[in-house]
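Okay, structure first, notes after.
Labels run A, B, C and D following the written order; every chain starts at residue 1.
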Amino acid sequence: MTDEELLVRFFEKDGYVKLSGIELVEVTQEKAVARAEIGAEHLNANGSVQGGMLYTIADFVFAVHANFVHPKSVTQGGQITYIRPAVTKYITATATETVRVGHNTVSEVLVRDDKEQIVCVCHFNGFVKDVDKEELKKKYEEERK
Amino acid sequence: MTDEELLVRFFEKDGYVKLSGIELVEVTQEKAVARAEIGAEHLNANGSVQGGMLYTIADFVFAVHANFVHPKSVTQGGQITYIRPAVTKYITATATETVRVGHNTVSEVLVRDDKEQIVCVCHFNGFVKDVDKEELKKKYEEERK
Amino acid sequence: MTDEELLVRFFEKDGYVKLSGIELVEVTQEKAVARAEIGAEHLNANGSVQGGMLYTIADFVFAVHANFVHPKSVTQGGQITYIRPAVTKYITATATETVRVGHNTVSEVLVRDDKEQIVCVCHFNGFVKDVDKEELKKKYEEERK
Amino acid sequence: MTDEELLVRFFEKDGYVKLSGIELVEVTQEKAVARAEIGAEHLNANGSVQGGMLYTIADFVFAVHANFVHPKSVTQGGQITYIRPAVTKYITATATETVRVGHNTVSEVLVRDDKEQIVCVCHFNGFVKDVDKEELKKKYEEERK
């Protein structure tokens, strides 16, 4: 099993991501992409995608990417700016790293609607822990059993 | 029907809040409080409450409070700092306004675990629209039919 | 006098930017760049460039770029993440726009040291006002007299 | 010499704070307050206090307070929301801690004009290092010589 597969399996245990119908599309050194089909359960009282749903897909795709690029990363904080209401059949979220120095990583996540329009811009800070990658791999392998 | 009841009914239409099991406990001029019982569907792969869930309850309780204090408010952005992992039976989120000047409102939301410990600190910026409150009330009344 | 020259002259009136020894290097549709030679007056008690100085050059270069690309823009907020201490002879700050929709613009500013290393990452939100560009030009022309 | 005096002396070495005319008024467990008389050198091109100046006083008063309450603290990031233009003879900035858990501290800083009106709201995240307070005291004592 590749590192990527292990990581993906680990994140499959995320209950809230599952509840929210969010799926990981792709994870590489360059970026991670997640996607969610939008149903009534994702909408706010105004009929557009709820802010928490937009944040959740962004937070998730950042966590996957950060942990893929340099395990093990812990999210310290996130920030979201809403650009336009998302009235759409699906949303995608793409995470890219802006910079990583020592224990610090800063990434950007753009969430887009089904017309490829950006609906919100997110930034995340993560703390990269000093961990033994082999030990982490073992942990992932054991946990997925 | 009081203004508070109308507002609460309006926000009851929020599908993602419902999916997430979040309930409004209280809304007054001073603060709004929301609460959610935590189940497996709210946990991340590490077994603590998922970051998106923490953000979602905060975003919701801010929106309710801002719209109660000065309708109609639109959330422009939010920021969350994670303080400790939330391993807990339930979480509560309390929104208070820091300052409002003209179209701008800034609020703080503290999310706590079942030991009353703060698990994350959130800040939100809202834009207060110039709307006729009677018209807004009518809109809420019609939409709830 | 070109639009760019007018804008530059307008921003030359910024007293705090002058006090801080910050100079505009370049402004185009794609980006704006500012630069400052670092002296003892820019250092914090630990001997690296003070956080306020790093923020100030970032805030300035964002304001110039936003007003160049779509006058007139007003800064609503900024966020800075410190990546490494800046021990350097000069710093540069480069602003690029992430997205602009309607009244909202979100930009990123990267501040670098004399080794081209990123020392902090900044994000700004601006509000783009509906103004008559000819009127604004007149205002700039009058103010510079 | 008391801990407070040592800390104050340490921060007196901050060159940019000096350049900006910022003075520490008070530091206690509960809060820290700084103040600056406003001159032409603090104004932006529109004639109100420049955003970088507002951020700088906030960043400074947070650093003093965080290091007073639990030395040694390092600022990780800051966020500022501008509420109203500051046209004023002086500004004050007051830092209070929202929460501190382990290595994390989150604080709020409010900057006010000479009418006691809030002009911007700031939030800071700090990392509290594990240091020997006696060693730190020695370092401060030596550095001030």
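Keep this in mind: a residue touches a chain if its C-beta (ideal position, glycine included) is under 8 Å from a C-beta of that chain, and two chains touch if they have at least 3 such contacts.
Bear in mind the structure is a predicted one, so any value in this text is a computation, not a measurement.
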item: Chain at maximum distance from subunit D, centres defined as averaged CA atoms; value: A
item: Which of B-D and B-C has more C-beta contact pairs; value: B-D
item: Between subunit C and subunit B, distance of the C-alpha-averaged centres to the nearest whole Å; value: 34
item: Approximate Å spacing (C-alpha centroids) for the pair subunit C, subunit D; value: 22
item: Computed distance of Cα centres, subunit D from subunit B, in Å; value: 30
item: Residues within subunit C bordering two or more other chains; value: 76-77, 79, 81, 104, 125
item: Sites on subunit A touched by subunit B in the complex; value: 10-20, 39-45, 50-53, 55-57, 59-60, 63, 75-82
item: Interfacial residue positions of subunit D with respect to subunit A in the complex; value: 76-77, 79, 104, 125
item: Subunit C residues touching subunit A - in the complex, by the definition given at the top; value: 79, 81, 83-84, 98-99, 101-102, 104, 106, 108, 110, 117-118, 121, 123, 125
